[in-house]
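The structures considered in this document are given below.
In the two complexes below, chain A is the common chain; its partner is chain B in one and chain C in the other.
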Partner chain A sequence: MSLIDAFSSPNRQYGHINAVLICLSVGMLSAAWLLGVVSVAPNRIVAGTSYGLVTAIGWPGALLVSLLFVAVGGLAIKPSRLHYCAQLCIVTLTLLLMPFGLMVAGHWLIDPTLPQARLGIGAGYWVALFLLLLCLVELRLRLELSRLWTTLLLSSVGAAWLVCAALWLDNLALVQEFQARDKQFYRAMLQHVVLVSIAVSVSVVVGLILAMLMRRYQRLQRVAFALLNFLQTIPSLALFGLLLAPLAWLAANVPFLAQLGVSGIGTTPALIALIAYSLLPMVRNTYIALDEVDSNTLEAAKAMGMRPRQRFWQVRFPLALPILLEGVRITAVQAIGLTAVAALIGAGGLGTFIFQGLGQAAMDMVLLGALPILVLALIVDAGLGALADALRPGGHE
Partner chain B sequence: MKRDGDRENLLMTAGPRWLWPVGWALMLLVGVWAMPVLEPGFRWLEPDARQVIYSRADFVSLLARHVFVVGIAAVVTISVGVLAGIAVTRQWGRDFLPLIGQLASLGQTFPPVAVLALAVPVLGFGTLPIIVALMLYGLLPVVRNTLAGLHDVDASLKQAALAMGMTSWQVLTRVELPLATPVILAGIRTSVTINIATAALGATVGASNLGDPIIAGIVNGNMAYVLQGALLIAFLALTVDSLFNALQQQLQIRLSAP
Partner chain C sequence: MIELSHVSKHFGEDTAVDDISLHVAKGKFCALVGSSGCGKSTMLRMINRLIEHSSGDIVIDGQAIEHYDLVKLRRRIGYAIQSTGLFPHWTVARNIGLVPRLLKWSSADVKARVEELMCLLGLPMDEFAHKYPHQLSGGQAQRVGVARALAADPDILLMDEPFGALDPITREKLQDELAKLQAQLHKTVVFVTHDMDEALKLADHLVVMREGRVVQQGTPLALLQNPVDPFVESLLGGLERGLKQAALTRVKDHMSSLGQSLPAQSRIPGDFSLRQALSMMLRDHCDRLTVVDQQDMPIGELSLRKVVKEAQLDKVSHREA
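Take a look at the complex of A and B:
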């Protein structure tokens, strides 16, 4: 399904040195030692002072971290299944230990007499985290673990992080930012999910109808695809803008529509634009999905005496479902990102934090908006991908 | 016989192919230079506003900055992306292929806004973070399509080329790359299209470009500004996209020509 499945496997025989993990290990070591790991700021606006690994968690901690990173690289010199498993354990352990590093740093660096003081996560920390996740991806590929295993592993690590953040990481800037507006955060999260769900479900229904009509009328197919392609080309900010002006005019001059809730700024233009963008991937995938069903199978269904309606709902549709779900996945992931932009025109959602944070130069608030969006996109992507895999006739790939 | 007919057809369609990009580019240029002429129209939209034509910077320089940012990002993206794609498909770089392939397809999941927002805390406000964010994000489609394009080249063709005595460099430049070009070009098109849209969002992080009138319009409640910015960005995107479309068709004709 993903691109990688298309490639023949790389050198899978063990014993051949694994340059990838060694590079990642060197990268993590240099990120941890050369870049600032954490930063401390007296309040939310002032840029923090950045601290290196040794000042943040002391020599014992720094040596432990280096040992873990070196072990990942060292085991890759002579790879074997056992070594890969050991590396997987080390990487997971490191991921679990990372929030504790923040706790130690917070304990040492934050002056308890300053209630506004906060601990920021530095570039070195982010880079090391990113490289660790890459290690995980690489190990998953080498060990040929299923998607489910990695998802379970990552969600347990995520849960551990959340527990740490909730219980002990009070002086972390991100946590403080969240605590200052937790109700707002949940509401924005809900708004985001609702907007995405409405856009995706409308486009699924419209997409299915449109694709079925296209199969009947060839001319419609060409016109509709040209139109949807055209819409997709227009940048999101511009499409939102182009909808704002006419809708504002309508709301101002047609009182009936204003009563219905149509207005220039807000949810209406956002939803229209979201649905317009969602239609192209949806219609394209639905059309291809319905079109690609094996004609022999349909022939067999006909020969068995199935009526056209039965053939569609009992044969064509179930067989098309995996590719159709692929369309839903692409659409949903795209809509999650676009809804963030919609915050600019007052539609709410997590994007609000991004743009408010940018406006106030409060970077932790930007993170509070951007990170959940990223996680949301990854979860939806993994969930719908797994569902499509499960529905594939003949089981998994 | 059939082939001659085909060629005739191709000649017939050769003209209109370039009509779309030229048309959109004309619209863009007219929009950039002649926006003040349209003042009565915008006045009708915003009768109460003090000013209806965005004037904090002239549209020409806004357009120039937009194109500059996207252009720099595109040059870096294309060169690094294609080189990386080539490197991991060679024998010596094959170890990295699974990771890079996975990363390129996983990265498509990251919303561009989130990438832009995450770049700011690290790199600060202004034009530089946008260029970096655009480069990082734009890399993924290019790498992905380079890998897919090179992978799709028939293995027996490569073998035949080797058997003819070509060096592996010649196989790459004369067989693999020409055959993979359409797919790579499609990746570049995706990358540049996304980047034009994302660059417009850069107006919120202090880069001045065509996104500026839209943001200023939303903040001040002036729909005329919003419309001006939106129209120009849309024209720019359509110009570039139709240009790539024409290029792709041209390429297809060249590849299928005898």
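Take a look at the complex of A and C:
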């Protein structure tokens, strides 16, 4: 038996006991039994009454859920590849079953004579969902699932949830909030995506130019990084506020800019602030990416008689591209979150729902804004991560 | 042909290369040897102007290097380095074809040339052409590096410790292949190494450097026979010097015609070195060997006494000269 075989023996690879999954399993069980899983409210404003697992889905349902969670923990006592595969199936199955639980609870707990009555998702439900996703992360690592498989798995679960929500979950508060303002939702979604896209593409171009200039002029580097670091420390709300006065003045005094749509509030200050925040991660990553290309490779390129421009575009840039894309990824995810705040100065976007919901104490409306932002960030993160992987020099290591 | 006269290089206060003159004739293999930091790499890199020299003249084929177009100069000089400097995002074939493509060869010509070079360096086309550098072993990567340096058929080849990072067996193999290639291609080579055995094995002309200066230069044999100072002598292996010298001499050149006496039992091919002959004598407990040709037919005889005596004669004649 060679050394390599010895290292990949089952025990070495999988260990004796997977404490992570057991803890997660215990956590899920306690969340499901000890916290309220759903709440029922007679209308939008009144706080709901919380219900436990047994009341929500009855004894058979509660036992089924407990059995699934116990199985995840039980299989982790003696881990093997087979067990991990079984756990993956159980976790996926549970994720797929969860909206049906809401359906059952809705059917039992909602009085059909009250048209405003709605079902809220309780803390126990959220915690269990979150822990299930953590299980998925752990299983993905153990089974060395590729990014593609994880994405496929999650998107099929997501699709199943969407179908359930659209067809059968009419009395879920979140769905009701959506149905009350679906046109508004799509417009806000579009605004959000447009704002993020413009901010990120501008900062990619400006960031690349700035990083290249900084490589040439060392003095610029210190000044620019100091300025960008300073910008990053201004709280986003303050920056939006600070931009209000000068932009309003500009719009009032320069008719041309006013025609372009510049004003104290709305899209212009939002974009300026978003770009200002996006520049630091973009410039920093671009600069580091370009700077860290192996000097031996670059010198060889020089010695082979490549001209400076050829060296840059054929060697330095392609070799820097994966780290550069990492910068784009961080910038984009950050911008998706920040754009939510831009709603405060009337730039629109999904943040509108968050602030409206906060104002009306309607938590489900806040969720209507927050959940899509989360999903958007995850999609962009996965997409750009996959792109960076695909562009790694010489395929996969 | 490369001609350096009174070349110096200063980095601020420090002098990296101090008043060096060197002549490398066309088709000759020149090795620069010395401990690290002696300025040998700096000197090499001044030839293709990766580093500009501070004073003196560097002339290639009758023209000072600063009068060449920088890019054109580099494209006609092959360059191979220890870390290979291969582009990690390009396949082997694309790496090798770099300079021909820069010179705007037609893609068919580039392809043919890449194929020719891969064949020459023992890299089967269908196995290696589409691999990336990180998929190669150290030796294979270095072959690709040498192939890339040779791609546009340059007259001049600069090599900076190309085999320095390889294991001894691979290194020796590549040295043998480089020697064979050089016998075939007759490039003008400047080769930097800190491994004296490597230099002795490959070089026509040996330059020993210390602290930016040339301590001694000449043919390997001349240096072995007559080191100018203890530094060169220790670099040449001290007590081992005799054996190293023997390694450079062929059996054929020291054999006498077959005598009347019975031919010796042990046989040695005429192309082997005296060092191998001495080793064989030690192993077989004899002081005579029968020298044979490639068909294993006896062509002469080698005796220990004669080998020792002639080594002495060589030394005497060299002193007189």
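As a convention for this text, the second predicted complex is superposed on the first by the 376 of 397 C-alpha atoms of A that agree within 3 Å, B and C clash if a C-alpha of one lies under 4 Å from a C-alpha of the other, contacts with A are read in each partner's own complex, and residues count from 1 in each chain.
In this text, a residue touches a chain if its C-beta (ideal position, glycine included) is under 8 Å from a C-beta of that chain, and two chains touch if they have at least 3 such contacts.
Note that the coordinates shown come from a computational prediction; the quantities given were computed from them, not determined experimentally.
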| item | value |
| --- | --- |
| Partner chain in contact with A:D291 - chain B first, chain C second, else both or neither | neither |
| Partner chain in contact with A:I234 - chain B first, chain C second, else both or neither | first |
| First (chain B), second (chain C), both or neither touched by A:D182 | neither |
| Partner chain(s) touched by A:G305 [first = chain B, second = chain C, both, neither] | second |
| Touched chain A residues, chain B compared with chain C | B |
| Chain B versus chain C as contact partner of A:A377, first or second or both or neither | first |
| Touching partner for A:P318 - first (chain B), second (chain C), both, neither | second |
| Parts of chain A lying in touch with chain C, wherever the complex brings them together | 294, 296-297, 299-307, 310, 315, 318-319, 393-395, 397 |
| Touching residues (chain side chain C, partner chain A) in the complex | 48, 50, 71-75, 77, 79, 81, 83-89, 98-99, 102, 132-135, 148 |
| Contacting residues of chain B [partner chain A, same complex] | 45, 94-99, 101-106, 108-114, 117-118, 120-122, 125, 144, 147-148, 151, 193, 196-197, 200-201, 204-205, 211, 214-215, 217-218, 223-224, 226-227, 229-231, 233-234, 237-238, 241 |
| Of all residues in chain A, those that touch chain B in their complex | 2-4, 6-7, 9-11, 18-20, 123, 126, 134, 137-138, 141-142, 230, 233-242, 244-245, 248-249, 264-265, 333, 336-338, 340-341, 344-345, 351, 354-355, 357-359, 361, 363, 366-367, 369-371, 373-374, 377-378, 381 |
